[in-house]
Each structure stands twice: as C-alpha cells, then as structure tokens.
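Comments concern the structure below.
Chain nomenclature is as follows: A, B, C and D, assigned in order of appearance, with residue numbering initiated at 1 for each chain independently.
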Amino acid sequence: MSTTDRSLAPDRTDWTTVRSDFPFLERRIDGQPVIYLDSANTSQKPRQVIDAMSTFMATGYAPINRSAYRMAGEATDAYENARRAVARFVNAPSADEIIFTKNATESINLVATAWGRQNLGEGDVVVLTHMEHHANIVPWHMLAAERGIELRWVPLTADGQLDLTDLDRLLDGAKMFSFTAMSNVLGTLPPVEHLCTAAHAAGAVAFVDACQFVPHNATDVQAWGADLVAFSSHKMCGPSGIGLLWGRMELLDSMPPFIGGGNMIDDVRLDGFTTAPVPAKYEAGTPPIVEAIGLGAAVEYLEAIGMDEVRRHEMELTRYALDTLVGRYGHDITIHGPTNLEVRGGVLSFAFRDIHPHDVSQVLDERNICVRAGHHCAKPLMRLLGANATARASFYLYNTTDDVDALADALDGATDIFGL
Amino acid sequence: MSTTDRSLAPDRTDWTTVRSDFPFLERRIDGQPVIYLDSANTSQKPRQVIDAMSTFMATGYAPINRSAYRMAGEATDAYENARRAVARFVNAPSADEIIFTKNATESINLVATAWGRQNLGEGDVVVLTHMEHHANIVPWHMLAAERGIELRWVPLTADGQLDLTDLDRLLDGAKMFSFTAMSNVLGTLPPVEHLCTAAHAAGAVAFVDACQFVPHNATDVQAWGADLVAFSSHKMCGPSGIGLLWGRMELLDSMPPFIGGGNMIDDVRLDGFTTAPVPAKYEAGTPPIVEAIGLGAAVEYLEAIGMDEVRRHEMELTRYALDTLVGRYGHDITIHGPTNLEVRGGVLSFAFRDIHPHDVSQVLDERNICVRAGHHCAKPLMRLLGANATARASFYLYNTTDDVDALADALDGATDIFGL
Amino acid sequence: MAGLEDLYREIILDHYRSPRNRGELPTPPAVRAEGHNPLCGDEITVFIDVDDSEGEGVVRDVKVSGQGCSISQSSASMMSQAVIGKSVPEVLAVVKRFKGMMSLDTGNDDDTGADEPTIGTGGDGAEHPLGDLEALQGVVKFPVRIKCATLAWNTLLEALDQ
Amino acid sequence: MAGLEDLYREIILDHYRSPRNRGELPTPPAVRAEGHNPLCGDEITVFIDVDDSEGEGVVRDVKVSGQGCSISQSSASMMSQAVIGKSVPEVLAVVKRFKGMMSLDTGNDDDTGADEPTIGTGGDGAEHPLGDLEALQGVVKFPVRIKCATLAWNTLLEALDQ
C-alpha cells in the first residue's frame, strides 16, 4: 500500500481519545502540558495497562507454574494468555515459541550466548549492520572476545539506508545475520524479508532486532521468514521488566539454556540436570508475572486500534514534522535518515544549527518537551554520522501535530539563548 | 535475643492493620476468604506497593540514565533511590554495590557465569549444600558441564540442618562456597556468618542465596562477612520482574559483564567496547524501572514495621503452627526441618498421613487455602527426604493464627475423602 | 465451582488404593520411559513390552512404577489396563482419545470415528469408549490437575517412540 | 523552577563560544586521558603536562579536545585556566572544591579552610574562591547536567593518576 493510498483512507481512529488513555500526558508542569517525544526510548502506558497490573496485583497475584491451587492456576492461565496474545500480535505459529525475558537486550544475549556458544567457533562469521543498537553489538563483541568470531558490518548509504551492494559477499560463509528491523536513530526500515532471504541463501540464521518495529507496525514474523526475533514490552505500551524472544521451535528446541534455575528444568540431581520443554527452558526463576499481565493488556490495547492505523498515524505525523521543521528552519536543521516515508518510521534525529543536542534538549525541556539527546546507544552509527550526539524526537500513537508544532516553536528559543 | 525474650516484649505491631494493607487477602471466593500460605513461593503486595507503581506509571514514567529532560532525571532519581533503599535494607556499604537483575536466579547466574568464567577452570571446586534451590544448583551444573569444575555438597543432619562436621575438608581447595541463608523447604536458618568465615579461611568466595532470608529477617551483609548476596523482590512484598545482587565493590569491579548492551558500556566501537562502572556494568538494556519503584516502596513498607518485628511475628506463628498441627494430628503429620525456632523460619513442609501432597493441597484449595505441593525447586533435597513432594505452608507478616487454625481444620477433610 | 467429588470419583480412589500393573519389566525385551511432572514432583516410570513378531506389534505387557498423587497414579493404573493386549495403532488411538478428553478446548473430538477401539474393564464400549477412564473426565474441571492425569500417557508415548 | 538563565550564564556561553586551551599536547611529556559521558555522548580528551623537575610537580600546560555541550565545553575551558601553573596538590584542592560545588548534598563544604587556593581569571579569590567557575553553580539546579560539568574534571583526575 502506498503512502498516498493510506492518506486517502478515512481516518478510522479518534486519536484524541487514544491520547486521553495515557494519564501521563495529562500531567502539567508549571501549568503546561508534557509533550512526550521520547517513545523510541520507552513508551508511556495507557490506563488499561496500569489498571490490568494493579487489579492483578490486588486480586489475582499468585505464583506461575509452581503451585496447584486455583489462584495459582488462574495466574498461570493469565500469564499464558499473555504469551498467546504476543504470539498472535506478531503472527508466531505457536505461543510456545514466545519466550519472556527481561528486556530485548536479554533476548539478544540469550541468542548470542546459547546459540552462539553452540554454533560459533574461531573464525566463524556474524554479520551485523552499521545501524545496530548497542544491544545488538555488545553481545557479539563479548562472543568475539571469548571465541574469536569475525564480525562483518553492512554499511549505509548516504541517506541512512542499508547499502546492500555487497550483501552477498558479506554474507558469504556467515553463520548468523543479526540486524535491526528499524533504526532507533534514523528511523530507517530495512527490507527485513529480503534480508532474511539473503541470510538463508548464505546458510545463515536470520535474527531480527524488532524493538523499534513491533510497537509501530503490523508484524508478521512468518512473512519475514525470520528465524529469531527480539523485542521489548516497554516500547509498546507495556510495562518495563519484560522482553520477548520469538524463535522457530526447531531452533529453540536445539539451543542449550541460557539462564539456569527453577522452572527451566525437567529434573535436577547432584550430578546434573535435564531441561524442560520450550518455553520454560528459557524462563528460569520466577518470571515477570505482573509484567506479562500488563504486556497482554498492552497487546490487546494496540490490537483494538490496529497496527496499520498506528503506522498510518505515525507516517502522517512524520510527514508533518519533516514539512514543518524543514519548512521553518531550512538548512538550519539537518534531519538524518531517509526522506521516503515508506522506508522510515516516526523517529527524527536532527542537528539544529550549531547548538549541541544536549543544549537543544535543555531548551525544549523548559517547555516540557521531552526529546532524547545523545548517542542513542548506537555509537558506531553516530561516528558514521560524524556527530557524537543528536537530538531525537520520536512519535507514537498518542502524539499529535500539536506536539510537532510545539517542538518547532520551542526550537526558536534555543537560537535566542545561543545567539547562533 | 532468645525466643523467650522476644515473646515477653510487648507486641508493637498491629498485625490486623498490616493484613488490611494487602488487598488480595480481602478477596472472597464462594464467599470465603483466601488464606494465603504460599509466601515462600512469592508474596502478596501491599496497597502501598501497588499504588507506588500505578502512580509512577500514570505520572512519572520516563527512561532511566538515557535522556536529559527533567522527567527522565526524576525517574532516574526515583530508580536510584530504590537502590539506596535496598542498600540500607541489607546494610550494604554502598548503594552502587546493589545490582538490579530480573530475579534472584539471574543474580546467581550472573555470578556463576561472570565470576565463574573468570575464575574457575578444570578441576576447580565449588561447594554447595544439600538444601539448595535449583537456582543455586543448575547454574553451577552448567558451568561444570562447560569447564569441568567439581561440585561438593555439604550434607544435612537428621533434623534438616547443615552437617558441618566435615566442612573444612569440603572447603579445602574450594574457590567458591555458595549456600542458602534459609531453606525454602525446611525453613532451616544456617549459621551464615560462620559459613562465610569458613569460606574465607579456605580462600573461597562466600556467596549467600538470601532469597528466603531477606524478606523475613533483619539482614546485615557486612555482619555476615559475605562477598556476594542474591535475593528477590517478589518474595519481599515487592513486584515480580526485579531481583537483586549485592557484592563487594572490589569483586563486582573485577568481574567481567554478564549481559551486554546499552547502559552497561562506556564506549562501543566496531572492534570492541569498554564497560561502564558498577552498577551500570551489570544492568544492560532498559532496566525494571517500574519494578524498582515498587521494590523501593516495599522496602519502605517493611522498614516501617521493622524486620525484627516481622521475624518475631513469624516465629510466633511457626510455634503456634507446630503446636497446633502436632497437637492435633500427632504422628499422622510429619513436619520436616528443625524444631528449634532459633534456627528455623516460617516454612512448614509436611507429610500428612499417606495422602499425596498434591491431593492435600487440592483438599485445602477447596477451602481457599493456598499451599504449595511439590518439590519446591529442590529435587536433590527432596530425594534426601525420601519424598518426591511435600505440602508446604509458609508464613509472612500478613498471616495470623486464624490462618493456622483454618489449615489445621481443613486437613481433616483430606482424611474424609481418602479414608486413610 | 466443581466439587471435590467431581475429581475424586470412587473408581479413581479404587485404582489409587489398589493400583493395577505396578512394578517393572526386564529391559529388553521391554522398553522403559520416565516422566516427570515438574509442577508437583511426580515421577513415573512406564515399562512396555511390545510383541513385534507379527505386523503392527501388540502390547504384551505394561508395568508402572514411581510415585505420584491420586490422579496420576490412578490414571497410570487405568492406562496400563487400557493398553495391554492392544495393537500399537489401537493404543495410539486410545491415547489420542484420552488426551482429547483431557483437553480444555471443547469440540475437538471431531475424529470420533466408528472404528474407535473400546477400552478398559467396563466393557460397554459403545457408550463409554474410554471405560473406567471416563471417571477421569472430572479432572478437566481442575485444570492444574490435567498434567497429573496425562503424565502416564505422555510417558507411554515416549516409551513407544523408542 | 530554575530558569534557563541560571544555567546559561554569560560567562559560560563566552567560554563555550571561545574555548580556552583547545588543542593537543605531545605525549610524552604530556599525559592524555579520555572521558565519556555515556548519557549524552560527550567525549573529551585532556592533555596535561606536569613539570616534575622540582618536588610536588607543577602543571605546565593543559589542552582539551573533543566535542560536547555548552556546559561540558565551558567547564573544560574554565578547568584548563584554573589549573595551569598550579602545583598538583593545589590542583587536587580545586578539583575537590569544584566537585563539592557540583554535589547535590548541601552542607558538605565544611572544609573551607583559609589556605584554599584561589583560581581563575576573575582574581578576587577571597569572596569567589572558584573565580569564573562559580558561574557553573547554576548547574546544580539541573541535576542531569552535573555530569556534563564534571566530565572534564574527572578526566583531569584520570590524567593525573597516570
């Protein structure tokens, strides 16, 4: 579907109502509303999620998978329902393929450690891209230090897309291709399906860091043809303290465990142990029970709105923001990343005149505008951009064009102070 | 202070008020109250904790350590305040020595992996005890499988205490002594200080699994002389999704990281990375933000009551339960573990006539009495007890002697059905 | 709410108190599989002796050892009775039917063919194709106990897989 | 709430626009240390040349390179001015005093002795022992910026440690 088609479709969603679901956005500081433009970092939570968690803690909290009384059974069912909801949300073939971790970072470490230790030795190749988040770099560095694997990097084009010219050569002989489905700095949406196909053609496992993608787009892990996909609850209206890993059962089944302890075992003796079936095998210890309930509520919340709607809304906001900021500030603002909205999500990293991003963010904060200034946990990418920081405004379903206007207005203030 | 002294002291706490702080306990099923005796598994949450989390999500939720606007600064402060509260609660010398993990199981895996890989090789010895939870067994099995370390086990006496006769011989040449501060099956409270001293005398690191201890007793990691201590939020009135590791800074500083990603780095380049200082070094990715806030509230809640009071209350409940159950059922009930309450916490694992624990729990559940039946994630210990399961009633600050009476009454029902 | 009488039927308690086919079989010729219920610690060992001398293979003998709750033990006892003397395909059909009964989803017994095997000591196969095993139907109302009831059956499948 | 004018004092903006002692020094004789502010990505390199020829050691020269926000850059610039020509113990005293000013805890400046070194371009040491650096006092009202202000100083300490 092209952008134009989408804009012509009637706007089914009342975004003002959506916004009013988020109590945080009703907060006033010095009488002024808070304008939250840091959702690529972590998202706000709708009342529905907050209430689901409080209600569960107040009336239904009980252990999972351990005790046999009804309340424990009900809590376990609620926990497993959340797993089913997540599976449905990303179109996983089976709920048992969804692993609850603590965050996407743990999901990626799980794969790098469990799969990596089993399958990678001296000289084996893992391919990453220049736009990865530290979460999809450091675990591989750790593995490289431990067992001498080689890391190769897919470079970027001038407008911040993956430069795939040499992809086949890079993938040649690789055992793993791990890449982001959306850059948290540039907003770039790489061609995931194509990359998975290329990985498989080279005999590599295709691992997708979908942290930034899943919260903002309809996700279909099967259509992607991916082998493993990591994402996080806290960026998709769900609570902190829980992350996700989806993987093909065959792979999850064959990998050794990552964290050992209760719940992930079949039997434990003084001289060894055997593991429980997936997903329990990867969920050692007391899991994020309350968090799973919250995440389930978040998924239902997003499903009710529809992820295509969310994407369309964010595309419109992004177009409006690009038009407004460039229209107003021309060459005084540099917005990184692709301008074609088909391949970019609602993340705007920018440089404003010669003012340091940290100072930009300070001036915006004066008007309660929350943007992130820094390296966005992507230092290798920042070096490529020739900056050690950018300011980043990122949108979500609760943002409006008013927020964009407020951002544009507030930038003027920076000029006043720094007189540049 | 002896038991008798404690009983003579005036009861400072109004336990009925305490109980009314826990909304779960007001729940009725079929008109009957819920009697929660599964706190060794996971504890219920007071209103104060639930409210702290909801309020934070509704009005203060923002990223930690990443963005520079005020709300992010405030959220970071709140998160760090929780760290300080936990440090105070266990008398850690510095808040920076408190690491937030996802649960105690991750804390133990962190040590087994990060410290273990750095310090243990073929033939090196780790000493555990026969009363460990799977969380303090499986990570060491995993390490043993990977690098051929030797595990030695401190045996038990007939009444379920550690048999320390051969301790020095077991510790001879050991590099690590990892042991529980309270058995989750037997309630046994081993002499932690003595064990730490013995570990150090042998040149071993002393690692305490304090999961069951911290929620129920005043904890002083310095008085113990421990090197590392793991525990969990969800067992101490706090939320799920967050665990704790305390360690001496010197050790934490020298260990390599466990999970790699954002926040734990100082710098990341294409060819490697450097780590951030402790605690960030061990907190990769978006941390359990909301959960830390909840845990902070839980700590404050427990502090206001006083952990000595909690311990006294549970001692009284345990004595009452032992008296009542043995008084009523005599030899028909076998309660495992020490009878000296000075060395036992409020955990009662029992066998009732010849009825299988699972059936006992079923019958109790009919009266909304929640006990755990099973191996309690301690299969090696269960084998020693000659059972593959026990029923376990465990107490916390919200339990009363009425709960004990209800348990004792309900056990009669089991006899009716099974006619034994 | 389902009452305890739905769970603890007399037939179940009878099999629990006097389990049939307890014990072990020499391996080989029998094969042996172990099952654990990680929830409650139940451990069961199933020995199955299949006579492969002609065609499909016929279950000559089954023995069960291990410890467990009333539901897992009685289900194991009934299972042993239900499969002895049956051909392997017949056994698989019984397992499938039993697991169907133990499933929380309703309406998934769309494979009630005419050629279903009858089982058990009761004998009146047409109306009660699972015989004694029907007594375990009440377990479905106590979802946490389903794993107890299916433990012996899953272990049987593992043994047959060998 | 503190206004932006508390943060962005004219002196600070002046040091930001025209940073003093930018550049590098040959190592050796100088030593070099790098500092990162992981929050915002600021990177700073401090070069310090200490003349150890007699006794305590005297800071002969300091240069600063790297990129950063107005606060970290101006603080680095002022730092360089404040330490050039001082003895190592004097430098340490200035660092301590500066970090004291940047600390959120109030009332921890109980070590205001008479022998405190005076610093900076302003000169009227008695009333303003930190000279220009006093302008950075407003940063404390913006706690997330404290790390920006102290970056150069921590990096200086690292360089001195070598």
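The rule we apply is simple: a contact is a pair of C-beta atoms (placed from the backbone, for glycine too) under 8 Å apart; a residue touches a chain by one contact, two chains touch by 3 or more.
Everything quoted here is computed from the prediction, not taken from an experiment.
Across the two candidate interfaces, B-D and A-D, the one carrying more C-beta contacts is A-D.
The distance from the centre of subunit A to the centre of subunit C, with each centre set as the mean of the Cα atoms, comes to 46 Å.
With centres set at the average Cα position, the gap from subunit C to subunit D is 78 Å.
Mean C-alpha positions place subunit A and subunit D at a centre distance of 39 Å.
In subunit B, the residues that reach two or more other chains under the touch definition are 66, 68-70, 72, 263, 265, 267, 358, 362, 373-374, 379. Looking at subunit C, residues 38-40, 145 sit in touch with two or more other chains.
Contact between chains, as defined at the top, is found for A-B, A-C, A-D, B-C, B-D. Per the touch definition, subunit A reaches subunit B in the complex via residues 23-24, 27, 29, 34, 38, 41-42, 44-45, 47, 49-51, 53-54, 57-63, 66-72, 101-106, 108-109, 112, 133-135, 137-139, 141-142, 145, 151, 153, 232, 234, 239-243, 257, 259-265, 267-270, 272-273, 284-291, 358, 361-362, 364-365, 369-374, 377, 379-380, 383. By the touch rule above, subunit D contacts subunit B in their complex via residues 36, 38-40, 143-145. Of all the residues in subunit A, the ones that touch subunit C in their complex are 65-66, 68-70, 72-73, 76-77, 263, 265-267, 276, 280.
Listed in rising order, the residues of subunit D touching subunit A in the complex are 1, 3-4, 7-8, 13, 39-43, 67-73, 142, 145, 148. Against subunit D, the residues of subunit A that register as touching in their complex are 30, 356-359, 362-363, 366, 373-375, 379, 382, 388-389, 417-419.
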